[in-house]
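Handing you this structure, nothing more for now.
Chain nomenclature is as follows: A, B and C, assigned in order of appearance, with residue numbering initiated at 1 for each chain independently.
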């Protein structure tokens, strides 16, 4: 694996092996401390959650990070993404973690000699988010075959929904969708659409999406309360879920909209576990992409 | 000590022991280097001085820090302080240092499983600031009993004034006040009020407060020069101080207002020593709150 | 060397020895890892490139850095540069790297007890930029004597142009200039001025300056295309350069203005090598100024 731009950079065996390694990081009996790389995190749009998660992964691996403040950067002097990235390569960065509002921004970076890890490209991909979702499901069920995953919310504008659906189907899961009809995608077949009442009864994994009011006008025409009542996971609906089924959400949660406030930390919720898993998959990705040669410096680390 | 929200979290013996430990850090013969924690510093209002001081303390202890840029954060997407803090817990932070404009913000954080160190809550407390003041006095006099401390300036709006007065009295010191009458508090008794001319002659410790023009309209109606002349520490007044008495100020100083420019680095001034002590008390607090198990990795550190 | 404010802080032998040491860092067979200092980087005007380069140098030396965000700082409360610097000294910083819009800002800092490294002072100096240019030339030709260096562009407003010219002449090089006549300086003699067509044929080192549209109104009255055609390094002009001659540029490059897009990474271009050398000279400067006592902790570092 030379870069991680989309999940298509991974074969299925590579993906499985990455998840296994991430799961070992999650177990964390004897963490390994690497100390031979400086990585730059370039966030051209705000994403505290993802940035903190990458930073934590880097720190736990002993990787030094360069703080690149986009708002202060030469980008403001009109420098291209390629020239900025090439500069960071020149000064000795061993890899770049990039989030950028432009879809497939990484296609501008083919001349780079250091790897790029995609931390989100516009309406495109966010591969480490997908990986953390997969790890969370794997930890729960230890399989993907014949699991029923229902993705709920704004499918049309979610970069993760499409990637997750595609990879989950490849891995043998059944994927359905729920949410306001105007937020469904052309690609969704009629028999893949479920009402929320059907979804809670059928899903092994209820994957709620965030209402991304930043990315588009909320054209749903529903108030928060009405949305919650019709399309959200209410307390009553949770009671009708299958005994073993779990709730996922990429966070930040709009409490009382996508799901009831009281359910955010309920026994079915894997929302904070997903965040913890985000660090683990990013550690696995960084170790692979940077081809780090581990060295156990401390027995107990960070 | 599980958290440090206010000095009330400490018994008097705990406080004494913390000061002793901080004083050992100040001596610094054989510093111990810890390397097993990542802490997030969350500053929801600007405070370079306090933030740098915590960062220095963390670095000197070998603690890694997560840079949390509030202006870029999910907070802007409406995320609650609790959800932000819970996220940082989920991704592996071992503690949070928080400054927040809301008084007693920490009451929202009772569901957290990691400790919180209060770096200032609105008009409430700023316990590490009080601790560094106490350490500075202890280093000077090696006692608090029967010392006369005069706190000068805007008592009403100072979070540190009230905390310091309370703890100093508990420790056996006598506390008086000086400054414009409209900046005095209801709690101040008549015989506790001194004019600046009385204050300089009676004080062992002259604790000047910063005129916080950020926090309220300067309703004093005095020009800088008039304030300095009437309520400030002028060069002439300094000459009338007792031989052993010292000057303290939390900084940044308004030179020529609270005290004469030439006195900022005079022999009585402990202003820069207070800053150095800020690092030492924060190291002691972090070591206690995080329950760090020290390990001497290097003989000479940082 | 106590500070590095301008190149005048260095004798010629000191400068030669610094370049030799930087060149050893560039070779980097057995890097040494220092771990005994915290340095603060104070950037009062944006300069991602320089800041990242200093940070990389610091990380590669094992120096911890304090992130000082000027936009959040007490500077906004009216604190003087001296008081800010003195605070950082008080809390334990072992040195300051400062970029400031005011020319000779460092003259305000004479009361400091820790060294200052100038990362650019207004229209004044930028000594580490000059050093990296010198290192790049030294690596190429292993001498300065009788080299012909032509500096091209906005001489009048470039802090580096004047410093480089002065030191290059001291070291035995011949310096000429090219560019729009209104951007030439009074100090330039008539026989030092070359047209761009003359420059490409005579130069051993063609040192292109960036058109700094931030610092002054582009009064040249030329469109980008016209500037490039008349004063820039076009593809055709590059063909007429001497076989061994090289192209330098401090970056960021305005592609298609100072030089043709296709030449930025051509065989003559040392632009990205200059960036790499920036890290090496800054490591040498930091090691000298901070008087670091090296300790080889890891065999392979960063």
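Observations, loosely collected:
The rule we apply is simple: contacts are C-beta pairs under 8 Å (C-beta built on N, C-alpha and C of every residue); 3 or more make two chains touch, one makes a residue touch a chain.
Worth saying up front: this structure is predicted, and the values here are computed from it rather than measured.
A rotation of 120 degrees, rounded to the nearest 5, superposes the Cα atoms of chain A on chain C. Two copies of one chain, chain A and chain B, form a contact in which under half of the residue numbers belong to both partners.
A separation of 40 Å divides the Cα centre of chain A from that of chain B. Shown for chain A are the residues in touch with two or more other chains, namely 67. Within the complex, the chain B residues that touch chain A are 35-38, 40, 64, 66-69, 72-80, 83, 86-93, 111.
Remark: chain B residues 43, 46-49, 51-53, 55-56, 59-60, 67, 214, 251-255, 265, 272-273, 275-276, 278-279, 298, 300-302 touch chain C in the complex.
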